[in-house]
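Once you scroll down, you'll see the structures, which are given as structure tokens.
Both of the next two complexes hold chain A, though its partner changes from chain B to chain C.
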Partner chain A sequence: MSGFYEELAEILEVEPDQVTADLRLESTSWDSLAVVSTIALIDEQYDKAVNATALAACETVGDIERLIAARQTESEA
Partner chain B sequence: MASSGQTARTSGSRIAGVVSCLPSRRIENEDFLDRFGDKVHEVVKMTGVRTRYWVEDGTTTSDLCAAAAERVLDRLGWERGSVDGIIFVSQTPDYRLPATSCVLQHRLGLRTGILAFDVSLGCSGYPYGLWMAMMMVQTGAAKRILLAVGDTSSIMNDADDRGTALLFGDAGTVTAIEATVPDADPAWFILGTDGQGADNLIVPGGAFRKREATGRLEGHPLDKLFMDGGEVFNFTLKAVPSLIRDTMAAAGEGVEDYDMFLLHQANAFMIRHLAKKAKLPPEKVPINIDRYGNTSSATLPLLMTTDRADALTTGDCRVALFGFGVGYSWAAASMRIGPLRCCETISL
Partner chain C sequence: MISAIQSEGRTVGARIAAIATHLPERVLTNEHLAELYPDWSSDKILDKTGIRERRVAAEYETAGDLAFHAAEKLFAAGDCVREDIDFLILCTQAPDYLLPTTACLLQDRLGLGRHVGALDVNLGCSGFVYGLALATGLIAAGAARTVLLLTADTYSKFIHEGDKSVRTLFGDGSAATLITASNESVIGPFVFGTDGAGGKDLIVEAGGFRTPRGPETALAEADSHGNVRSREQLYMNGANVMSFSLREVPRTFARLLEASGITEADVDHVILHQANKLMLNALQRKMSLPAEKVPHHYEDIGNTVSSTIPFVLANLRDKGQMAPGRRLVVIGFGVGLSWAGASIVC
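For the complex of A and B:
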């Protein structure tokens, strides 16, 4: 997920090395515009459309990753 | 059948001319700094809107459309009495009743006894309107139609919501459609709906359903526009790439056959993302949202008159148009357009 982390760092306006699964989104610039940017990023990198409401409810970067993984399992099923 | 929606084919009509009318009051991003501070720059990074035009108090969509209609009639040299119908596609009509198209029929001095009706659609309204007008010509109901399409979203903007306050602009357009030889190149349309998204882009108040300001609407003025940008973006990501693919398939054309792909100017980031995802060459996907904002139903004809007037007045272009959003509703058209006898932008 290194490419994903780098892009996410730009959206969250933090340094790339600050992005870990434990990073709390509320400590970054996570807002409605960041949510839309992240939807586009996930679509671009994983070809998956995650639910915007579910994404907005994420509290950590790990939550976002779990959402993507769940979406992948769902579409493979 | 295409998975994206209902597929339709019309023949025997064409676009003769298009005129867009903008209000003269230009609003700059700097005008929002007092209210939103530095957040303005973040919003602009996403939406790409630098300037937009808003009507003065008291001006409505039909005023803009009336000016556009006068110009298109003059340029084409169409006698007022030769027009057989007028369709008004908008979500900002003059009144709850009567239909604005009736008001326009009289105001423009068109014959009594012509057909006239309003259609309440936004982002998908232009391809939808083209389908209706071309179908009416094909059935023999009319030989000349004026299709008035536009919105004055600034009037229903929530000034405190930075997600929408900077995004929308106002514009009114009129497209003249005329009968041509029956076996001329057909036009193809795909039309679809998913009303599950109705609450994600809505002005809940002002009509006859009484809604409470609860849930996501809590604290939101009910007579102002509410938008869940994330959900709407999600919808476009799912719906639009397949709509583009299915439209080309219905028409039996490939990307290389088209001179231009006109995408609803929802926001610049979204247009670029969708174009990339659908593998459309950027030079065939004009963007004017930076100058005019998201003008709702008017974005596609406005894009024709501001950014493709030269091509459309001099050549015979193969054009694909895609409208998608509020409803959710979407509509696509694939047709040959040009050389148009008039394709211009005026201001009121």
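For the complex of A and C:
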């Protein structure tokens, strides 16, 4: 997840070492643009399409990771 | 290769003979937007969207006006004379009137002959490719030889000034594209796609007949992200539009390559609808295309809806990259949801 965390840190406008599963998204710049950016990031790194509404409802970085883990890759879908 | 494709009957001897573009004068800069949206600096807007400024139509300046000026530039450049035009297509989502059709008014305003056919197409970011398909179809049917395709929109009139989710992205603008019958050049094949279930993801809900305007629809409210809009204004679910684009645009490209019997290596340039930097970079990576094959033009004009592709084509032409034999792919995608792609041999 290191590459993912680094990219996510940029989207959330925090330092990479601040990104942990417990990080609360509301304490970062998690807005509609960040959600859009994260959809593109997940697609690029995991070849997975997560549900946009479910992603927007995530409260922590761990929630995002669980959402990714629950999805099949697009090529399997 | 070209004759083999033609034998399948899916391409037409037609060419993009000329392009002219037009922008309204008023400029909306990131500095101005950053004053309105305190949590976004002008640098952040540029970094995320790739857009530095966009143009905005004046209060009484319509898409019909923008289309008119683009067409006049085409005539002024000497690329064709008015008498050559036998069909006029206007793609816009902001017509001058509910009726009559804006294209009919433009026939008169542009001094085109009364033998000209004219119609409007109500599509957004996919509209240029659909217009190209209609023009090519008219030429293939022998119904027209010279089609003037005008694309023009004024999304600024749909956007609340407090809605940074769309105001940072969209700009007003227009293009005039001349499509003529040709013995050497080829337009096609085309591939299309539609998903009306996503209609709600990019919508101006009130103002038609399903939801007429009234005091309630005029009420502007802030959403959970602090973006302000009424039901009479543009709403975009950016996350759903991103998901849709990442799903359908690469598929459209693959379908088009297959229908054309070519590979990516045969394509000189892939011209995607210029949504914004985030979208285009994500698509380019997903489609594994080298950056130099995917030209951009959004930094100084934003997302001009159905005119983004002709703005890029005009740049390519200026660099001599629409020389005879060059193979281009154009893909438009957006509101509808609607998408389409076409192969072009210049």
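The rule we apply is simple: the second predicted complex is superposed on the first by the 71 of 77 C-alpha atoms of A that agree within 3 Å, B and C clash if a C-alpha of one lies under 4 Å from a C-alpha of the other, contacts with A are read in each partner's own complex, and residues count from 1 in each chain.
Note that a residue touches a chain if its C-beta (ideal position, glycine included) is under 8 Å from a C-beta of that chain, and two chains touch if they have at least 3 such contacts.
None of these values were measured; they are calculated from a predicted model.
In the three-chain model built by superposing on chain A, chain B clashes with chain C. Chain A residues 29, 32-33, 35-37, 39-40, 43-44, 49, 52-53, 55-56 lie at the interface with chain B in one structure and with chain C in the other. By the touch criterion given at the top, residues 29, 32-33, 35-37, 39-40, 43-44, 49-53, 55-56 of chain A touch chain B in their complex. In the complex of the two chains, the chain B residues touching chain A come out as 42-43, 45-46, 163, 228-231, 233-234, 237-238, 269-270, 273, 276-277. The part of chain A that touches chain C in the complex is made up of residues 29, 31-33, 35-37, 39-40, 43-44, 49, 52-53, 55-56, 74. Interface residues of chain C, counted against chain A in their complex, comprise 39, 48, 165, 225, 227, 237-240, 242-243, 246-247, 278-279, 281-282, 285-286.
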